[in-house]
Every structure is written in structure tokens, then in C-alpha cells.
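Two complexes are shown next, each including chain A; its partner changes from chain B in the first to chain C in the second.
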Partner chain A sequence: MEPNRPTRLPAAGIHEIAARLGPIFWLAVIWLAMVLFAAVTAGYWPVPPPDRMDWAQLGAAPGAPLTPAGTPSAENPQAGGAAHWLGTDTMGRDMVARLIFGARVSLAVSICSPAIGFLVGGLLGCLAGYYRGRLDAGIVATMDVILAFPGLVLLLVIRFYLGASLTNLILILGFLTIPAFSRVARAKTLGLTELEFVQAARLTGAGHLSILVREILPNVVIPLAVYALLVAAFMIMAEGALSFLGLGVPPPTASWGGMIAEGREALDTAPHVSLIPAGVMFLTVLALNLIGDGLRSLLEGRAHP
Partner chain B sequence: MSQTSAAPPPLLSVDRLVVEFPLDRRRTVHAVSGVSFRLGEGETLGLVGESGCGKSTLARAVVQLLRPTSGKIWFRGEDVCRLRGEPLRAIRPHLQMIFQDAVASLNPGRCVGGSIAEPLRVMGGHDRRSRDIAARQMMVAVGLDAERHFHRKPFEFSGGQCQRICIARALMTRPQLLVCDEPVSALDVSIQAQILNLLASLKERYGLSLIFISHDLAVVKNICDRVAVMYLGKLCEIAAVDALFNTPCHPYTAALLAAHPEPDPDRPPATGDLVGMEIPSPVDPPAGCRFHTRCPAAQPVCSVTEPDLREVATGSRVACHFPLSAAG
Partner chain C sequence: MTATWGEHLLVTHLGRKLLRLLLVVLAVTAVTFLMVHLLPGDVAYTIGGETATADDIRAIREALGLDRSMLAQYRSWLGRLVHGDLGRSYLTGEPVLQAILSRLPVTLELLVISQLLALALALPAALICAYRSGSHVDRLISTGGFATLSIPSFVMALLTIYLFSVKLRWLPATGYTPLQAGVWANLKSFVLPALSIALIEWVVLMRVLRSDLITTLQQHYILMAKAKGLPPWRILLLHALRPSAFTMLTVMGLQVGRLLGEAVIVETLFALPGMGRLLVTAIYARDHLMVQGCVLVISIGYVTVNSAVDMLYTLLDPRIRREAAVGT
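For the complex of A and B:
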């Protein structure tokens, strides 16, 4: 590379971008990849099933041996010589198993809920920002109503009438993220439609739909996706808080928030039951936020060189 | 329209064009108030005036980026203001425009080659390969290295390069009229000259007619055949470039020329100072001649009766009760 490069980087290579994001960003990516891998491969891990209770090992500390009497080797042969690596919870269930199965719930919520907000809110926001006028006023008013609606009450109502399930939880949380996404998309669209390249597209004879799809959307999608990462982090915490309140995924399905809640009575005798899932959740939320912030600053640097 | 001239009909004929924007329930911005002019084929018309005088609004109305409140715009014998839907879409490729902010004129997420090829995609009838080939040829025509630059994003280019890209995109549709809205105002002086030379050579090559908007009189002098001076939504004077610069007839034209520093010590010192510095608001323009509040030669009649644009010499028309060098 030539020594005196201009400050405006011409076509930064992959390595250059990777270096600019910094090591902490990549640590966060590695952690998130590990959580994702664990969630996807949860069924294949050499650990007891997440709902099997080991009555001899209630609240056992990390590293406690599996109780041979409680494990017929035919049912779970590969667990024979293993131990409860992270101990057991207050009902004697293996912590590792519950963490990796809980990761499925957390990731399902943190991927699917923002996806709903991203698609619905992003589309509504783009339409509002592009067409303005009455459509804009209507969409903004609707979003304000959703924002003003107490989310917990909605959750309780849905739970009461439709029952508690992971799907319902995802749908409600996703619904509640729609206004935030629509605001981000609308603001971005409003700024873009002011720019001359939209008028240049009109001059070539492009219709509104074509301009929206080919000129506006590609420029909205990326910042909105970065925002979705931050929302995903928030969704993990929301699921945790709701599970802690007993409004989340119903037991015995493992979820991180539920695990923290179950361990709170044994904080003095077996603190690891609460603290380990709390730590995992903390790291995951932190990782998502770091990745989101890193990508955002990278994008901002490129948008305004 | 009563076109009595025996000459071939002009490419563009703007007839009493009015563009107004509602500000609120009671007030209206009178951006363009009854402007008429013609543009012949292959001609370059300069449009000068202070910022806020309605030059850009007029330009946007001509290319149908906004609908005029009243008046007609005849382009190739058709009133483009009346066109809707498919006929408008069909005529749009012939009316192109380049903007002052060249960087903002390019989609930041698309490679510049794609941006240049895009008009052909919108027009239809070209496959991807032929679009790309045409875009590369046009990049070469505007002085860009097609191989090196095709896949780059706009933020990797300088303002002058972006303006070249914008010109290339505008020419992809083979327009007959190119409206340039202050295309060099945001550029360095050395780059300005390059872009102006490029426009002049492309004009010859592609047989373009230009409307060239600028507040820089020196730029207009070099590139234009005729110049129209605008003040507060009205045309003050329209004349051949030499006539306008040598013998300005409207006091405003004279003031504009005087305000422009001329690197010539032999030139007599400027006369015709403006009375007020502030341009009146287009929301509530002055009655009578719109310029009378600042005119050094204003008489009582000027604040009552609005002067018509009338011919004072061959090809020179001026809207003033007391034109400066009234020969006739």
C-alpha cells in the first residue's frame, strides 16, 4: 500500500473494515456465534435432557457428578461418565442443558420479534415517509396509539384468551416493536426523499413504486437492520423480565429469564442457579449491542465521508 | 397560442408560467409569476438571478418535477403540463436535468455504473448487458475511466467526478433538453472550467439544447447564447449574451453586472447601485414593477403599473418603464 493514502478510503477492503471494527466487536461476534451454535445443536449435546430431574442433586454446584442410579444408561448412554458441568438447578435439572435449550427461546424471541417489527414497521415507515400527507398522518397516529398502549396489559389479555406460548410471546413483542421500527424507517425515508437522486429517478420516468423499491428501500434496509440488532438485545431482556414475572414462556420449557426466576429462592445456598443464566444473558445482550454499535458507526463513517 | 413567426417552432416554449406554493391557508409563495420565453434547438439559454428569485423552481417546472399553477410549457409541440401517466413517462427521457449537489444526485448505495445505466432500465427495451455497455461508453464520453470507476460507490468520488457521473446519467436517455441547475456552483474554479468545457463539447456531440442556471455571470457569459435575467419570479430582461453584457437595458441587469468584479482596470467603474440590499419576500411581492423597491431609477409609475416584457432591440426584450439604453 502506498504510504500517503487520502483520508477518504477508496473501496476499503474486507481486512480494512475488519480492522476498523476492532477486537471487541469480533469477540462479541464469536460469543453470539457460540450461542447460536449451541441453540441450533442443543439436541445433540452429551447432557441430560433439560427437563430430567436428578433428585439426588438438587442445586448441586458446578462439576457435580451425574447420579448413576438416576440415569438408565440405555436412555442416555453418552452421559455415562459426564458430570453436571455447571451444576443443577433447584429441581436437579442440568444447567448446561437448560442454558442451551433456553438459548433457543431467547434467540427465537430476539430474532422473530424484531423481524416482525422490521418488516411491518419498516414498510409502514417507508410508505409514510415517502407519500407524506394523510397516509403519513394516519400511520404516525396509529403508531402513537400502539406506543401509548400498555404492553403488559396486552400481554396479559393475549395470555388469558389465547394461552401462554412462545409463539404468542413472539407475536406480542414483535407487535410492540413496530412503532419504533416505523419511526426509524420514516425518518430515514424523509431524509432520502429530499435528496436529488430521487428526483433524478423521477426524471427518467420511474414511478412511485419503482422509486420506493429501487431507490429508497435499499438505503433504509441497512440502517434499519442495524437498529434491529439493538432491538434484538432489548427483546432478550424483555423475554427475561417477562419470564421472571411469570408472563413469559410457560414452564417446564427452559428459558434464561425463567431460570433466573427459579433460582432466586436459592440465591443464598445455590447462587449459580440464577447467576449463570444471568451472566449468559448479560453477555449475549452486550454482544448484540456491541455489534449493533460497531456496524452503526461503520455505516455512518461511510455515509458521510 | 398565436405563433406568427415563420421560423421553425422552438424546441421549448414557456408561456406565462406561474408556480405558486401554498404557505398556509392565507399566504402563498409566488415563486414564478408569469414567465414566458422560447428556446431554439441547439441553443443555450442562461438563467441568472439572485438566490430565491425562482430560477430553480422554473427549471423544475420545465422538466415536470413540479406542476405549474398555470401557464403552458410547449415541448416539441406538446403541452407537457397537460400530460399524465404514460405520455408523460414517454416524454420524460427527452427532458433531463442535472443538479447543483452532484453527490446527493446519486443513490449512495448503488455503484455509479449502475446509476448511469438505471435510466435505460426504467425506459425498458435494453437487457442488462447492453445497458452496461452503454453506461461504460457514456462514462468514457464524460471523461471517466469506465474500467476503474464502474463499480465504485458515489462517496468515493470528488464533487467534479460526481457531476460528470450525473451528466452521463442524464445523457443516457438521449435528451433534447438538458436543464443545468447551478451545475458548477459547488465546485472548485479549476473543476468548474472542466465541467463547462465538457458540457459545451457534449452539447455539440449530442445536439443538446441547454438551460443553464447560475448566479455566476462569468460562467453564463462563456457558455450561453442568450441570457434571461430573473428577479422575484419575473423575467427582467432576455437578450443575446453580448447585447446583455455590453448594453444592459434593465437597471437590475446593470446592477448585477456592476456587482460582478471584472478583472479589467480599464473598465469604467460600476454605476447603478441597488437601493436596498434585501430581496423582498416572494410571499408578498411589491406591486407594480417588482424591482421598484430597490431600483435606483424608480419613478412613481413603477410602483403602480407592472411593465410588460417588450422588445427594445432585435432579440432583446426588457420589462422596464425606463430601460437604460432605450434605442427605440
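For the complex of A and C:
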């Protein structure tokens, strides 16, 4: 990675870019699109509601039929689907339903938290890299403190103080990503300020604000956005880990990490309760990593022909 | 004259780093203090129990010095810290330092064993990949490694439990045996937790070592060694490995610093009585001084490891030294 070259998307044709990214990249995009689609349409699927407990089917294997105990009305046992396609969890709740509603939590966290880091961290990093001096030192020092601070303590405090909710979780995780974004943005900006086109802008009498907005930002935004994809992958894992510790989204809201945690006690009798959401989480994180990595090498391929 | 000038710059640079290190730790403890005090409810309620009256609570708070202002409490904490006194747990009366010293070895042992396991996996993989770079084996291992990095640590922990203790029944899923009860029994309780960290960490080490090895293998002296007819294993192990291992060892150091704060998941899952668990328990119980102590130790560990790695580079690479002297 060479920070001091401007990175722009290659000026090649769409088809050429698509071919260069390879089939695996597009498989990852398709998987992510499917997860997104499932999350958006979660309420319309022919499955039982995610919090309805089917007492006759605790930890049932995939494909188990619906029983009257878990259907809305005894007269119409087919309501809400034909079967538990992926089985039920240890409380008899439908796995498919919980997976698609859990996708909402994972996607919300993986979109909103990096967005906070991207905006705040990116801005601070650009300012630090551009103005240098005291401002730079101050911002870097603040970021060091955030990095050295155990994030878990912050999370627990906010949880106790403001309550456990998805919004708070997103805010805290977003806050904790600020240093990483600011580092990347600062490094990019530091390299850019030395380059000819920035110097040229300065010589033509452009003000600081104009240089920052017109010359620096466009060259920092794209690599930073690609970096955000990798952070998004990490956020899904972080949300999972927190839910796993019981510090994520409060139950009964379904989340993948929570599902994996709930199945932990039943690993010997009903391993699918943990392993299916673990697999879904793995594929989603992998998809984000693949897309981020593919785009990054596309950008760098342009930087070193 | 130039030598003393250079040395002078170096000392100033290191001194400045040390000062910054101290400031970061100080800031972290101050923020922690503030945060823990913002938590609603306090330890007096926990000690007093459900039957405590308002007077009882007030008495407990006075006895513990909790009725003073936050600043006064922080100042007295700092004052005692200078004398090596971290205070006592509000709940058990156990000295905080002693509690930490009894838990820290567990976390450190976990980290050391996991890094050794990761190294045992990364070393052969990197050697094979670098020697046959671009081959099917290389691509298979590199792709597998990339995929492995998408597995969250708690899922990896779960998978190792599922495989080794549920399916194969080789090892118990949880439980901790102290060192006093026998070295073997103690090591056995670390196998699964360390493995679940190592199975992810090895990829990080492998990638760094692989790319450094590939660079080294293009050097002339390797060509010379090949021309002399030395067998590949000799070239790799005796000639190429050592000059290529520096970055990987650095990364290993950084990982230990990072894991110090993040071991809590693995510790919780496998019921290991380490630092992470101590911290979480203390936060739940509002055991302020214990939280302070833990955060202090974790942040010192993190900052020290990072700076040590930084300084090592500064000492070994004169270019960074000059930049540092000219720049910040």
C-alpha cells in the first residue's frame, strides 16, 4: 500500500472491471444482497413469528413439521409456513425466522457503526493530516487514549447508564471505530499534501478549505469507503461477540450472536442451534471481507500499474 | 560530534515517547474513574444488602470514603498508586494488587500458549507457501487463511468445544486446574482456550512471515546457497528464516498487547479465572477500585507493548529515528 498516490477507480470499462474482480467477488456480492433482501423483507416471509415458542419442538432438527403448539391458531396449523425448515432453537422458536430478523441487527450494526467512524474519524484524520502541528498531535493523542481504553468498560457503562438498545450499541461501536478511520484518513492525507496537484492548487491561491474539499477529500473518500467494508465485517463479529457475552441487543430480539450463545448449552443434543447462525455469520463476514479485499486490490492495482 | 548529536536526539525522542505513554495511561485511568462513577447505583447497596436502611448506606459510604467528591477520590487513588497501593476491593477486602497478581498469570499463560500454538501452525505453513509461492498448496493455504480470518473468536471457541469435547470427547469443555495441582492438568485446561485463539492468530503470523520470506528468498545469498546445492530445508530454516522473522515477531508482540484486553470472551467461555473475567465481574459489582486497577494494568500493558515495539524499530532503523527527530 502506497499512501502517497491518488487513488481513483480505474477508467476501464464496466465489463473489464467486473472480469478483473473475479467470480468469487460476485458470489460474495450476491450473498450480501440476499442477506440484505432477507433483512428488509423479514416481516413477509412464510415462517412463524421469531418469538413464537413451539413447546412441542424444542431444539428440533431442520425440516421438523410445525405443530399446533407453535402455530397462531389451532384450526389452521399451516399458518406461517409448512415446516421449521432449519429446525427450532432450544426454546422452540423457528430458526429461519430468527435468522432473517437477526440479519436486521447485524446489518444495522455493520452499516451504521462504520458510518459514524467514517464521518467523524475520516474528518479528524483529514484535518490532522492536513494541518499537522498541534492539531495533529492533539487528535493523535486523543485517538491513542481511545485505543488504549478497554472498549468493554465503555460499553458496560453506556449500557447501564442509557440502557441496552440497538441504538446505543451502534453508537458505542461506531465511537470505537473512530481511531481506526482517523489513522487511515490521516496517513492518506499526509501523503497527498506532498503531491503536485495539491501544491499546484496552493500556488494558484486556493484556500485551505477549498484544497481540503476539492483536492484531499475526493482522494481520501474512496479508499476510506473500501476500508469501511472491512470494518463492517469486523462490526458483525463484534456485535456477535457482545451478544454472546449477553451485552448485545437485549432479548427477545433475535441476533446472530445471541442465537449462537443460546445454542451453546445444547451443543451435544442440538448442534444446529449454534452452528447454523455461526455459518450464516461466517459467510456474511467472509463476503464483506472478500468485497473489501477485491476493491482494495482493484484500487491498488491502479496505483501500481 | 555527530554521534553525540544523534544519541542526544534519540534520547530526547525516547524520553518524549515515555512521557506520552505516561500521559495516555493517566488519561485512561481518569476517564475510567469518571465513567465508573457515572454508573447508577454503587457498591454500598451491594454491601448493605436488601435490608439496609438509608442510614446504613450512608455509614458504609462514609467508611469507604465514597461520600467525598470524585476529584478528591481520584487524587487519593493516584497518591496511593505512587506508593504501589491500589487499594482494597470494596466487596471482599482483598487488596486489588493481590487480586490482579493472582489473575494476571492465568491470562498471560493463556496468551503465551496460544501464541506458541499459533507459531507452530504459522511457521511450517509460511515456509511451504513461500518456498512454493504461487503453487496450488500456497493458494490453498492462503485462501484458507483468508477465510479463517472471517471466523469470530467466539465461534472458533465454540467449534473447538464442539469438535474436541462434544464429538471426540478428548478434553473437558470448561474448568480450570491451577498449576499447583500438577503441570499436566494445568496445561490441559489451557489447550482448548489457547487453541481457539491460535486457530485464528496463526493466519496473521503466517501472512506476514510468508511475504517477508518471499522477499528474502529473492536475495543473492539464497541463490548462492542454492547453487552450492544445499537442500531446501537447510536454506529455508538456516538461511532465510531468521532475517525474515523480525516483522512477524513484532506482530506477535502487538497481538499479545491487544489480546490482553480481549481475552475476556475466551476466559468467559472456558471459565478461566483471568484478568478479563476479574474486570467484568468488578464492573457488574461496581467494585470501583478493582475496575480501576484492572483498567490500569490492561492499558499499561497495551501501551507498553506498543511503545516497546515502536522503540525497537527506532533503535534498529536509523531512518525512522531521523524522521522522528525532524517531524513530531
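Convention: the second predicted complex is superposed on the first by the 282 of 305 C-alpha atoms of A that agree within 3 Å, B and C clash if a C-alpha of one lies under 4 Å from a C-alpha of the other, contacts with A are read in each partner's own complex, and residues count from 1 in each chain.
Just so we're on the same page, contacts are C-beta pairs under 8 Å (C-beta built on N, C-alpha and C of every residue); 3 or more make two chains touch, one makes a residue touch a chain.
Keep in mind the model is a prediction, meaning the values are calculated, not measured.
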item: Superposed partners chain B and chain C on chain A - clash or fit; value: fit
item: Touched partner set for A:240, first chain B, second chain C, both or neither; value: second
item: Touching partner for A:208 - first (chain B), second (chain C), both, neither; value: neither
item: Partner chain(s) touched by A:278 [first = chain B, second = chain C, both, neither]; value: second
item: Touching partner for A:268 - first (chain B), second (chain C), both, neither; value: second
item: Chain B versus chain C as contact partner of A:199, first or second or both or neither; value: first
item: Partner chain in contact with A:219 - chain B first, chain C second, else both or neither; value: first
item: Broader residue contact with chain A after superposition on the shared chain, chain B or chain C; value: C
item: Shortest CA-CA distance in Å separating chain B from chain C in the superposed model; value: 7
item: Contacts on chain A seen with chain B and repeated with chain C across the two complexes; value: none
item: In the complex with chain B, residue positions of chain A that touch it; value: 8, 10-11, 195-197, 199-207, 210, 214-215, 218-219, 222, 302-303, 305
item: Chain A residues touching chain C - in the complex, by the definition given at the top; value: 137, 141, 144-145, 147-154, 156-157, 160-161, 233, 237, 240-241, 244-245, 257, 260, 264, 267-268, 271, 274-275, 278, 281-282, 285-286, 289, 293
item: Chain B - residues contacting chain A, complex; value: 60, 63, 65, 88-90, 92-93, 95-97, 99, 101, 104-110, 115, 118-119, 122-123, 152-153, 155-156, 166, 169-170, 173
item: Chain C residues within the chain A interface of the complex; value: 20, 23-25, 27-28, 31-32, 35-36, 38-40, 146-147, 149-155, 158-159, 161-162, 166, 261, 264-265, 268, 279-280, 283-284, 291, 295, 298-299, 302-303, 328
